[in-house]
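Letters A, B, C and D mark the chains as written, and numbering starts fresh at 1 in each.
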């Protein structure tokens, strides 16, 4: 397992001996977020990461509906309909919270002030292209929310997703077939089978879960930039 | 003397039997500002208008350094270095004041939310062009402040100035010779000799002070759009 | 002149909204949604409306009820597809309502531009995606941007927490969201608040929407919906 | 990561400012001017600075003292010509300092754009004036605009009223002015405050500058200059 902190991973990939559940993956991502980082967790799976941030982690959560230093989900009497996260789930505030309006919130994002955002995805391409807002199916109501703003806004965009679709196709692809959310914006992909760093020179395996690096590489329809050194 | 209120002046110009001091002119402008208007008073002479707004006028003063509902000049113990007008003079707040930062303050102005601003001027042209920021002399340090933003921002831009320069030349001109502050932006000019409405069809005398309308018209090097009906 | 009026009923508050008007409707999901104003608008009956809002209605209340009443021709929003957006979904699939999807940050920034007198702006969001179609692209300092134009409303309906008698507003927690931006972007801004207080009772440094942006205020019995999708 | 640091001295606060840096300096005249940080910068001795500020120094204190120390190569400001701007005046007339005059609203909006990730924007200010020279003009919806680019700082030095231990800021009255905008536009934002309080002590709705924009905070003995030009 990787140490927390942001230094680019060098050398052989770390590994865990079983494929991770989404909850375990959320824990891994939580440990990779450095103390003091300003982070936006996208709706859906990434929201789970908040549950794994230790108390006093110093990570400051941003929610695009206008808040910094968001606390955990609200329960019982703490539920306040005026205080929700971007998924419209009631949440709480931590000491040192601040509220701001929507234009200020997205200025914060678009201006590159967030350190990390973690998003779900349909597909991520070799070059960091992201597709996560629309299946492109004609009968699907298109809905983008803040995804395109987040994709181009944070200093690092992490994706959290199962590596394979239900029918077994890799979601890490040579070229996205789904409509794009952002171009070349993803810097790291967390999946149940392993973690991938996406850089200018291509994709590199950072960690593997329940699978050898070579085997993992073979499952993908893309060339990895650095053949793993061990299995 | 004109009644207060904003309806465009129709028919013969009003008159007062003497040329006005700048202080008297400030009182005239104060009476012309409708209750409830949001108004910015430029630095210099226009600042005097505030002294002539009756208590309870309902006029809300904006100062571009970030405040609405500014009160009168601060005296004695009321002086607070953190509370000044755009001329850096200590002022006070009225009940219902609000503070905002500089970008929000100029957004308010540029977005057309102010009803009136009153500015001093070197020259105003026939077509409403305004010159008030720079003499254009090579040894003069250029300084624009908020003048160009105000000129294009308020719904109505009034100018308050002596009609003549010290050497006797009219400052209401066919074409500005000083560097411009804004193009076609002035809607009314208050001078010690009279008041002029500036519209798409040209300039019309609204009031005269100590001079007949015909005589006033003759002093100007521009054609008035509507020959005054009486002297 | 635009001084705010405190009106006695929500019906008075929404009077005059014409068929075909563009109405900005505050709220992020249900937080900040001006439920009472929308109910009054349903009674008032204006038709063929274009609604600008983050979502396209949740459950059967608020914006969803307005859609169900058949008063809306078109919706501009970022995220119409939610578990509880069945009203919009039905209308959309039946071809009875138009949809324009706008990234959430662009929605906010385009309304800010309308309120701030910005003619257009270059924004990095959505470059290279299907939502870039038809938009002018420009490279500035090595980064690609799309040219985005202001979104202006004829009316804004928003919910705030407190107003003073001049119309200054404060908001509660994340219910602030789009309210302050929409207030600047509409010709007539109509606000429902939990409480109207005397001018001077709101801390001038804590005012979020200055009175200049507010036209009509109505105090309502607080009603908040706690759970998204609750019927 | 960018979590704010509370430092023990103004010398520590300004450490690392390089020769040739662009430094945004808050304040409108003397209100909001970060006097103590500027004094520390004089002790620190960085040279060849480009200063962005509304004015070019008043009296012999603050920014004027920095200019007098010969550390500034160029000033970008809106209003350098004031009764008490004798330091700047002398340097400018001696050809020892460069000046770029920017309309006040553009100064604010261009810094906002830098902080908000806007590539450029079309602004109606200064159209048809000498300050339009060299700028791209475009007509949008029948109105003329100039294309304006962001102004980004390497550092911002600003004065605020209170900070909490996370770096959230509040301001007093019109001393707010450029502070919140500059905080968003600089790589490193350095703030002097009257008081540092525990996180949780500032009302989250009343925070003006959220902690994400703040890098270093130092508490200083309040010192305010009451009269413009007082020596």
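The working rule: a contact is a pair of C-beta atoms (placed from the backbone, for glycine too) under 8 Å apart; a residue touches a chain by one contact, two chains touch by 3 or more.
Quick caveat: nothing in here was measured; it's all calculated off a predicted structure.
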| item | value |
| --- | --- |
| Pair exhibiting more inter-chain C-beta contacts, B-C or B-D | B-D |
| Centre distance in Å when chain B and chain C are each reduced to the mean of their C-alpha atoms | 35 |
| Centroid distance [mean C-alpha coordinates] between chain D and chain B, Å | 30 |
| Euclidean distance of C-alpha centroids - chain A vs chain B, Å | 56 |
| Inter-centroid spacing, chain D versus chain C (mean Cα positions, whole Å) | 33 |
| Residues of chain C touching at least two other chains | 109, 112, 116-118, 123-124, 171-173, 176, 204-205, 208 |
| Shared-contact residues (touching 2 or more other chains) in chain B | 67, 93, 99-100, 107, 109-110, 153 |
| Touching chain combinations (by label order) | A-C, A-D, B-C, B-D, C-D |
| Touching residues on chain D, where the partner in the complex is chain C | 109, 113, 116-124, 138, 140-141, 143, 145, 149, 170-173, 176, 203-206, 208 |
| Of chain C, residues touching chain A in the complex | 28-32, 54, 58, 78-82, 88-89, 92-93, 99, 101-109, 111-112, 123-131, 171-181, 208, 224-226, 228 |
| Chain A to chain C touching residues, read off their complex | 63-67, 79-84, 88-90, 93, 99-103, 105-107, 109-110, 129, 134, 139-149, 152-153, 179-183 |
| Complex contact set, residues of chain C against chain B | 1-3, 112, 114-118, 164-166, 168, 184, 198-200, 202, 204-205, 207, 210-213 |
| Sites on chain A touched by chain D in the complex | 34-38, 58, 60, 62, 67-69, 93, 95-100, 107-115, 153 |
